[in-house]
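You will see two complexes here that share chain A, one where it goes with chain B and one where it goes with chain C.
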Partner chain A sequence: MREAPILVVGAGPAGASAAATIAEAGLPVLLIEQRDQFGGAIHRQPAAGNDSHVWRPARHRRNWAGLMARLQACAGRIETRTETIFLGVDSEGRFLFDDRRAACVFARRPRAAIIAVGAVETIRPFPGWELPGVMSAGGAQVLLKETGRPPEGPILVAGSGALLPALAAQLAKAGNPPVAVLERGRPWNAPAALARLALSWGPMSEAAAYATTLATSRVPYRCGAIVTQAEPDGDGLKVGIRVGDQRQVLRVRHLLIHDGIEPNRTGIPLPDPDAAVPVLLAGDGREALGADAAILDGRRAATQVLARLGQATRRMRSDERGLIRARGFQAALTQALHSEPVVPAPETLICRCEGRSYAELAALAPDASAREIRLMGRFGLGACQGRFCGPMIAALRGQPLPAAIPPRWPLRPVSVAALARLTTDETE
Partner chain B sequence: MKPTRFGPSLYGTNRFCMASSSPLHVAVIGTGIVGASAAHFLAAAGARVTLLDASGPAAGATGASDGAVSVASKRPGPMMDLARHARAFYVRHERDGLFRGLFHRRSTFLVARTAIEADLVTRHGADLAAAGERVVEVDRATLLARIPGLGDSVCAALEIPDDGHALGYEITQRLLATSRVDIRRNAPVSEIVMRAGRACGVLIRDEFLPADAVLVAAGIGSAPLLGLGEILIPRKGQMAVTDRATTAGPAIDGHLMAASYLAAKRGIVRDNSHIGLVIDPLMTGQFLIGGSREDHRSDHSTDAVTIAAILREALDLYPPLAARRVLRSFAGVRSASRDGLPIVGPHPHRPGVVIATGFEGDGICLGPFMGASAARLLLGERPEADLSSLSPQRLVRAEVHA
Partner chain C sequence: MTSHFFWNGDPVAFQPGETIAAALLRAGLADLGQPSNVPGGRVFCGIGACQACVVAVMGAAPVEACLTPAREGLRLGSLPFVGAQHA
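Our next item is the complex of A and B:
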């Protein structure tokens, strides 16, 4: 019988790095990617038929080209499955995948698994965030990378974090600079954190490039500004904004919102490096430290798996130092952009799948169980199973949304017909 | 008049609890549909109730089941009769407002796909009719008109038009929201404390909660508290929920129950990997598809091979499901008694303790009525139906003979 492979889920920077490291050590790899191409969100490649590349920093381009070359060099040991969705692990230890092209679910039992499924974006909800025309900034950025075209009409970018100026600069370079970037935080109030950020050469030079682009395109970057609501306005949006005590209304076509990222852990198996089939997390799906750190983290996870399987490996002290640096940078950034949570208006939508409001969330008992939140509150019960609303609910309730134990599969909706056609690699 | 500790006696004597005239205080263990119903009706009668749960409301089988309030599926005999009482209880409380909007009348279709199954369905229909239930024979053409898209293998069906639908967790929530009871979540009871031959409270970790009487309605968690041995068998059921086929109410005009389900209920099959197929069209437009019957399994995990087998069965019966997506799979644990009958009544040798458990897969149907019946027992009143066949006393006798 053929040797069972090491499973790597996700072909973004962390997954690609992990897969290359394991294949270079001579072991077979099964690399699963939900899209039709590798890259993840950060290195998303243009869709077929589009050859206009979105501007991105040279460092990212170099990093990705390097990873692709490494995968290419040991392609013989890597079985890749694209357009294939990881559905989770069932009670018998089967790793389940939805092959969307074949419309069939298949199960495998790998020797070990590295899950590198990246992060989910978080937002701070306000009335109207669910309207057409409002989109997450990360989603808009991925679309821009795929199509090469910015959305048409006036764009407002709002929320918090490093993605806002990055996206704004990319929109500007692609020909449609946003009318403004609204940053919720007030970094000038946290000089110590700013000073620590200034010591990080790589990210700061990237930030300087974005700042230059925004200045050239005359895109205002306002701190301490928050979106209070959005309403339909013709084929666009009327966006209410508050800066301190001042209120203002902006009319735009698109509102792109983002308030950070969190590891995507909904339905993902719990990490267990010591299990008979070791499971490790890597990249932003383990700890949201960004694209550079994800490459190091993928190699760290792969090295750990190789050591578990008795392969002699070199411990990469420089990788660990790199992860510590990235953690320090993210902590400083979080501190610099910190802002107190705002209690949303009662009618604010929290769960888009089931149409549940903040008033309905607040009505739940403070010690409500996971079952009550899901079944009686109908939060986390819809198509996303809490992947998107989970972090929002956690922030608003001040405690994590209790997860199902063991994690539930399927972690994405899967066709009844495809699941009925389940194939396994077992002899039964 | 409010029931007091002097009040109607609680199956045995109250002479050790005569210190005050404050209302009867009942500790209800388990906030599933049975415990919530008992608490609701106890509180309505003026008793003070503390509802305890190791987790929270509807945490067990109540929150992990289909919503069949079905007489159609019951074994002939006391279960069929009690299910008719229990369904009538839903109808009555839908009318008086308690269950308004939560209980819906809908037909059950018992569906046969082979000659042997058709024979079984016919026999079951005769039993239902003998119990006084309305039963309509439906030929394939009529059935197709009612449920377009039904599979080619379906050859015969019976319609039981007076059945209904309710979701256990919604009923539980309503019962709790409409009564003033203390709910204590994360409060696992480790022991019922007896003093001078009678229940005087419960232990929650190291805390003693005094009570005049105790109701044990903790599903599979009941057995360790009762000292009656292994009276319950966990029987796991795996299920899947789909996305919405429509946003305008149930996607099909009735609850589809395969004869394989009936076979399991009538004790004809005892295979541990048996699938008793039901396709439950939810009010949300989603489908709930179940389920497996796995004895001695009390975990809540699901496996792909079983779920895929359930879906293949479901697609054979109702092929339009191929267009749906599975949103989640989950498992519930039925609490089955050894003789297949629920266990409802006073504890055989612990005065002050009443038991209401062992409803297996019939808890949503029977739960509200049985909870109300348990409340009446605790208040020293006679239940509305004859529950003698469910008496815990039979477990003691069985033990002696064993």
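Our next item is the complex of A and C:
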């Protein structure tokens, strides 16, 4: 019988780093990726046949080339399955996958699993955030990297975080600078946090490059500015904004929003390094520390798995130090861009899938349990399973919304026909 | 030769390797829902998490437009339109 592989879910920086580390140690790897190409969100490659490359920092290009070279060098030990969705772990402990090309579900029993599925963006909701034409900044960035083409017509970028100027600069370099970047935070009010950020050379030189591009493209970067609402306006959107006490209306075609990221944990197995089949999380899916840290974290998870399986490994103290530095950087960034939550207007949609508003959330008892919020409020019951409304509700109620334990599969909708064609690797 | 798939019966051109979402957006098709379906569908998160861009596929299971490479001749539509035709 073939040796059971170590499963790695997600071929972004953390998954690629974990897969390479394990294969380099001589063990077989099963690498699962939902897209047709490796890269994850940060290293998303241009679609095959498209040679227009979006500008990105040299550091990221080098890091990804290095990871791909390592994967290629031990490709014989890595079974890759692309266009394949991880569905979760069933009650028999089998790991289930939806092979979208073959339209069939398959089950495997790996020796260990490293889940590296990245992060999900958080959104602070406002009336109209659910409209066509409103896209997450990360989603728009991924599309830009694939197509090399910015969306046509006026673009507004709003929310909070380092992604906003990065995306705006990439849009500008691709030929369509946004009309403005609205950052809800007021970083100049947090000089101590800014001073700590200034000590991180890599991200700060990246930020300086973005700032230069925004300045030369005359894209205003306004702090303390928020979107209050959006409504349909012909082919585009009429967006209400507030800067301090001033209100203004902008007419745009695209509104790109983003208020940070959180680990993508909905339905993901709980980490259990000591289980018979060890499960570890890696990268932004464990802790949102960014692309550089994800590579270190993938190696850290792989090293932990190898040690658990009795392979001699060397603990990488420099990786641990790198993760601590990344944590410090993210904490300073969070502090610099901090802003108090705003109570949404009653009609604001919170759960897009089920069309549930803030008024309906507010009507629930203040101490409603997660179960009541789901079953009585119908929040988080839709197809996204609360990936977007969950963090919103947690922010508005000031406490996290507990998830189902153990997590339930499937963590993405799966067709009954594909399930009926289930294949397993079991020989007993 | 340009490749096409069909969106609610109308041909949509795509470039090789491109996702369904990229092709729909280039064609100016941002609203993926039925007029009666509020809130409608739209491409949002780009990573398969939000499920807002799930489209019906004639003869197969619905897929996230943002994850799925466009393929020649696919017949796609707003949910639950194509599915409703099976009833």
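Here is the rule we use: the second predicted complex is superposed on the first by the 426 of 428 C-alpha atoms of A that agree within 3 Å, B and C clash if a C-alpha of one lies under 4 Å from a C-alpha of the other, contacts with A are read in each partner's own complex, and residues count from 1 in each chain.
The definition used in the following text is that contacts are C-beta pairs under 8 Å (C-beta built on N, C-alpha and C of every residue); 3 or more make two chains touch, one makes a residue touch a chain.
It should be emphasised that the depicted structure is a prediction, and the values quoted were computed from it without experimental measurement.
Participant: So if we stack both complexes on chain A, do chain B and chain C clash, or do they fit?
Facilitator: fit
Participant: Once the two complexes are overlaid, how big is the angle at chain A between chain B and chain C (Cα centres, nearest 10°)?
Facilitator: Roughly 70 degrees separate the directions to chain B and chain C.
Participant: Contacts for A:D90 in the overlay, against chain B (first) and chain C (second): which applies, first, second, both or neither?
Facilitator: First partner only, chain B.
Participant: Regarding the shared-chain residue A:M376, is it in contact with chain B (first), chain C (second), both, or neither?
Facilitator: So A:M376 only meets chain B here.
Participant: For A:N176, is the partner it touches chain B (first), chain C (second), both, or none of the two (neither)?
Facilitator: A:N176 contacts neither chain B nor chain C.
Participant: As a test of reading the superposition: which chain, chain B or chain C, is in touch with more residues of chain A?
Facilitator: Residues of chain A touched, chain B against chain C: more for C.
Participant: Once the shared chain is lined up, is A:S17 touching chain B (first), chain C (second), both, or neither of them?
Facilitator: neither
Participant: Touch test for A:T424: chain B only (first), chain C only (second), both, or neither?
Facilitator: A:T424: touches chain B, not chain C.
Participant: Is A:A368 touching anything from chain B or chain C once the two structures are fitted on A? First, second, both or neither.
Facilitator: first
Participant: According to the stated criteria, A:A107 is in contact with first (chain B), second (chain C), both, or neither; which is it?
Facilitator: A:A107 contacts chain B only, not chain C.
Participant: Based on the superposed arrangement, let me know which partner A:P413 touches: chain B (first), chain C (second), both, or neither?
Facilitator: After superposing on A, A:P413 lies in contact with both chain B and chain C.
Participant: Examine A:E121 and indicate which partner it touches, taking first as chain B and second as chain C; both and neither are also allowed.
Facilitator: second
Participant: Please work out how little space separates the C-alpha atoms of chain B and chain C at their nearest point after superposition, in whole Å.
Facilitator: Taking the overlay as described at the top, chain B lies 5 Å from chain C at its nearest C-alpha.
Participant: In the superposed arrangement, what residues of chain A touch both chain B and chain C?
Facilitator: Touching chain B in the first complex and chain C in the second, residues 382-383, 413-415, 417 of chain A appear in both lists.
Participant: Quick one: in the complex, what on chain B touches chain A?
Facilitator: 55-59, 63, 169-170, 173, 183, 185-186, 240, 242-243, 299-305, 307-308, 311-312, 314-315, 321-330
Participant: Taking the touch rule as given, give the residues of chain A at its contact with chain B in the complex, in rising order.
Facilitator: 90-92, 94, 96, 105, 107, 365, 367-369, 371-372, 375-376, 382-383, 385, 406, 408-410, 413-417, 419-422, 424, 428
Participant: Per the contact definition, I'd like the list of chain A residues that touch chain C in the complex.
Facilitator: Chain A residues touching chain C: 34-36, 41, 47-50, 83, 85, 100, 103, 118, 120-121, 130-136, 138-143, 146-147, 149, 151, 235, 264, 349, 352-353, 355, 382-384, 387-388, 412-415, 417-418.
Participant: Report the residues of chain C in contact with chain A in the complex, numbered from low to high.
Facilitator: 15-19, 21-22, 25-26, 28, 30-33, 38-52, 54, 60-63, 66-69
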